[in-house]
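Shared between the two complexes below is chain A, which pairs with chain B and chain C, respectively.
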Partner chain A sequence: MKSLKFLLFSALVILLFLIPVFVDNLYWISVFTKWWIYILLTVSFWLIMSTGQVNLAHAGFAAIGGYISGALVQSYGWNSWAALPVGVLTAGLIALVLGYITLRITGIYFIIMSVALAGFIQTIFGIWDHPFGGLVGLQSLPHPDAFLGINLSSRPALYYLILICMLLVVILVYRIYYSSMGRIFRGINSSDRLAEHVGIDIMKYKVMVFVIGCLCAGLGGVLFTYYTSTIVPTSFTLTQSTYYIVYCAVGGLLVFPGPIIGTLVLCYISELIKAYAEYQNIIFSVLLIAAMLLFKGGLYGLYQRFINWISHVTKRNETPVKSI
Partner chain B sequence: MTIGEIIQPFINGLLIGLNYILVALGLTVIFSIMSVLNFAHGEIYMIGAFLVYYLAGEYHVNYVLALLIAIVATGILGLILERFLFRPAKGDILTGVIVATGLIWFFQTGAQIIFGSQPSRIYPVVVGTWHIIDAVIAKDRVAAGAISLAFLAIVYYFIYRTKQGKAMQAVAQDREAAALQGIDINRISPLGFVIGCALAGAAGGIILPILYADPYMGSTVLSTSLSIIILGGVGSIPGAALGGLILGLVNSYGAQFAGYISSIFPFVIIIVVLLFKRTGLMGRKI
Partner chain C sequence: MALLEIQGLTKKFGGLTAVNNFDMVVEKGEIAGLIGPNGAGKTTVFNTISGIFKPSSGKVLFKGQDITGFSPHNVVRMGLVRTFQITTVFSDLSVLENIRLGSHLLAKLSFWDDLLTTPYQRRKEKELFAKAATLAEFLGLGDKTNELAKNLSHGHQRALEFAIALASDPEMVLLDEPVAGMSSEETQEMMRIIRATRDRGVTVLLVEHDMKMVMNICTNLYVLNFGNKLAEGNPQQICANESVISAYLGSEYKPKC
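The block that comes next holds the complex of A and B.
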């Protein structure tokens, strides 16, 4: 079973790598690139949520990464491969400080802090003219510099760069979630008091997961500036972060492939209904509320129920898979 | 700098602060009774403002009557939200927050489709100004402050002096203990939600003659009222009142002396309070 999963995963990865070879349409390559960025951000958002914290400033951390690296490249002439880690680490550092202070208490305080932080980040970049460009933001950022001699200015090259980053983040999150640390996260999510009483330093793990998630968000922000060559204060707002919640909730909050499935399905839907873009948020909000109140398992939960039902009908499997 | 430059923002800040208190009080009541942090509170405020805009501005209904209709309508909306969205969330904070986040989108996008993105404004109901020393005080602001104060007095009387209000306090203190005393929680929860939403709708309707109504006005109001309840202490009604006045003054002086940068003040307050004194000014110990 495990080798089958690995085989399936490898086949999928090869397929993803072959997309630019077979898809000749630059538009779709560009759309896929955008989706991979969303998957990266959603998966890292979901990792933080697996400890029961909703980080509504997740997009804000992406903005920090994107702005810092963009400003270093544009105003100070840094090489983009030197600016990338600085942007990512700044996001992580801010997360470390804020997380250490606000994660001490449970309840609504972290969520309120993250809402305030999202607004703060958006406003502060709108005010700060040099080097962040104020309300106009950073426009016409250069393409990322060549990496080990590979030119990254074409769309397919950027596709590969972002695909590799996305896969690395997905694998990282997968490895964390199914390690002993991930079990601790789930323990904290279901009852942090209990986790504390069996001797887990919940503070350490909460901060750790928050920082890891925000580092990934910073990376997503930097990649976003490569993708659009621009970043404005409204690129990453509270609304963006709520998209990640919807992706997770529709795909399935409690299981690993949930956020990925949710992102792909909803991104595809929003691509389909592009002509009616102004109605998109209404549709998404209804989906979100329905998923939260009626199908807590999301699409993946429905799929598991379906599998259960099949195995129940055919009686091939005597021990039913535990549905979530 | 003249004395007027000091006095005018002070009076305006206090008057606008009274309006902030209405919104923050609604948020506090809903949170302490239902453990629901209603992020869509700003959108209820926006709906209240638009209802008054259409009734008073487009259909020429008397302003006071329009305000009362808006209050009743947002109250009924609160009843519906409680029954079908927040009661099924069963007091789980995370589910409640996520559902409320969905509601923000729903109302914001809906308002944008129905009302359009153009800012809408009605003619001032009360016109004229007073001159105190060299400060200019607009009468419509005084009127808005007075109406807000009247509503605050009614809500204060209701919560602290009536039997229903005392039942609400009991539920806020301990839900299960209140139920054991024979308080019907399923009647008190909708009551709290209706009061909270009606307060937000009232605040929106009151502020309309002074400000513009637009579909996105709710997000500013949300961050302001979140910072008020954090500053005053989550769940504390006197705290919400104190915080509202402080935020009114901060915003008023900020707009006068710091300009656009003052829009980060609410966020700074939230972050600073959470960093150094998490219980806020008058909050209970956590």
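The block that comes next holds the complex of A and C.
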């Protein structure tokens, strides 16, 4: 079973790597690149959410990564490969400090803290003209510098760079979620009172997952600046963070493929209805409500139920509950 | 040897004194009972011991060490666990995962152990899941190991709670109304399990309203009323105690001792 999963995953990865070879259309390569960034942001958001913490400042941490690395490159002439880790680590450090201060408060208060933080981040990057470009933001950011001699200024090159980063984050989140750490996160989500009474230091784990998730968000922000060469205060808003919730809910909240599936489906829909972009929020809201009311467990849940129905109908004995 | 010692424990919530200057000693190997009417402060005593509340004054000593004000996970670290009045399990996890989480402190897995699935991690997971399966069996949940905790009946959830508590190999368990809502068969079964647990070297302190069970199983009793200690002693003494009878047991109780 495990080797089957690994084979499928490898096949999928190979497919993704072959896309620029077979798809000549630079526009679509760009779109896919954008989707990889969204997947990276959504799965890291989902990891934090597995402990019950809904981080509506997640997009804000992406902004931190993007702005810090962008400013270092543009205003201070740094090499992008030096600026990237600084951007990512700044996001992580802020998450660490804020985490320790505010995570003593549980439940709905975390989400409120994150809302306040999202607004704060958006505002603060709009205040200074130097080095963050004020309300205009950072424009005409350069391509990432060459990595080990590989030129990264073309669309396909960026596609591969961002794909690799996305896959690394996806593997990281997968490994964490399906380990005893992930079980601890799910335990904390189920009952943090009981979790602390089996000896789990819930503060430590909540801060830890928050920092890991925000480090990934920071990376997503840096990659975003490579992709669009700009970053403005409205690039990463509170609304953006709510999209992550929708992606996770529609795809399936409790299993790993969920957030990925949800992101891909909704990003595709978003692409389809581009001409009617004003209706995107309405459509997403409807899908979110539908996911909550009708197809619990999201699209992946529907798929699982379909599989169960098939095996039930063909009278094979399969236990539907997978123990992790 | 006194395993758990409470000295002058007082807990106030604003103007309300829930527990007032309460002293208690539980000896190693005992099954002790804390009884009294509803609202007497029994769960507050438990909450103060387990670290949910900090006492307004007084001390809690476990194995001779002052654990007053320790946060819950540090109390568990000392070897003292508790169950809750309202059934508390990890609802979205399976029975086996629930019990496995109880063994959290026995695992000692680092972040890297988990990320890289080191041989140590694999060995520990195997060991602790086997232990969880054994505990499930002991608590009558052997055939339900893959069931989600929220799908269990009330009695089974109670049993699961106990399994989770035992999974950390504690030296002492505090049981808050372990047989609440149970039929007499389920109660008999729970009593058997509590005795078996004591026989394996775990000291027990329980809060209960089921007097038949309490008088049967406890070696030593403490009676609380409105936050004050009303009496202490063995079941015979408590049964015959006039103030306990008038405050709690009722005058028809005396002949039942």
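Definition applied: the second predicted complex is superposed on the first by the 315 of 324 C-alpha atoms of A that agree within 3 Å, B and C clash if a C-alpha of one lies under 4 Å from a C-alpha of the other, contacts with A are read in each partner's own complex, and residues count from 1 in each chain.
Here is the rule we use: a residue touches a chain if its C-beta (ideal position, glycine included) is under 8 Å from a C-beta of that chain, and two chains touch if they have at least 3 such contacts.
This is a predicted model, so every value here is computed, not measured.
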item: Chain A as common anchor, with chain B and chain C clashing or fitting; value: fit
item: Touching partner for A:E196 - first (chain B), second (chain C), both, neither; value: second
item: Touched partner set for A:I112, first chain B, second chain C, both or neither; value: first
item: Partner chain(s) touched by A:T314 [first = chain B, second = chain C, both, neither]; value: neither
item: Greater chain A contact set [chain C / chain B]; value: B
item: Which superposed partner A:S179 touches (first chain B, second chain C, both, neither); value: second
item: First, second, both or neither for A:V54, with chain B first and chain C second; value: first
item: Touching partner for A:G187 - first (chain B), second (chain C), both, neither; value: second
item: Minimum Cα separation, chain C to chain B, after superposition on A (Å); value: 10
item: Doubly contacted chain A residues - partners chain C and chain B; value: none
item: Chain B residues touching chain A - in the complex, by the definition given at the top; value: 31, 37, 39, 85, 88-89, 93-95, 97-99, 101-106, 108-110, 112-113, 219, 222-223, 226-227, 230, 234, 260-261, 263-264, 266-268, 270-271, 274-275, 278, 286
item: List of chain A residues in touch with chain B within their complex; value: 52, 54, 56, 98, 101-102, 105, 107-109, 111-113, 115-117, 119-120, 123-124, 127, 238-239, 242, 245-246, 249, 278-279, 281-282, 284-286, 288-289, 292-293
item: For the chain A and chain C complex, residues of the former touching the latter; value: 172, 175-176, 179-181, 183-184, 186-187, 189-191, 193-202, 208, 254, 319, 321, 323-324
item: Chain C to chain A touching residues, read off their complex; value: 50-52, 71-73, 76-77, 81-82, 84, 88-94, 96-97, 100-105, 107, 109, 111, 114-115, 117, 121, 125, 145-148, 164, 167-168
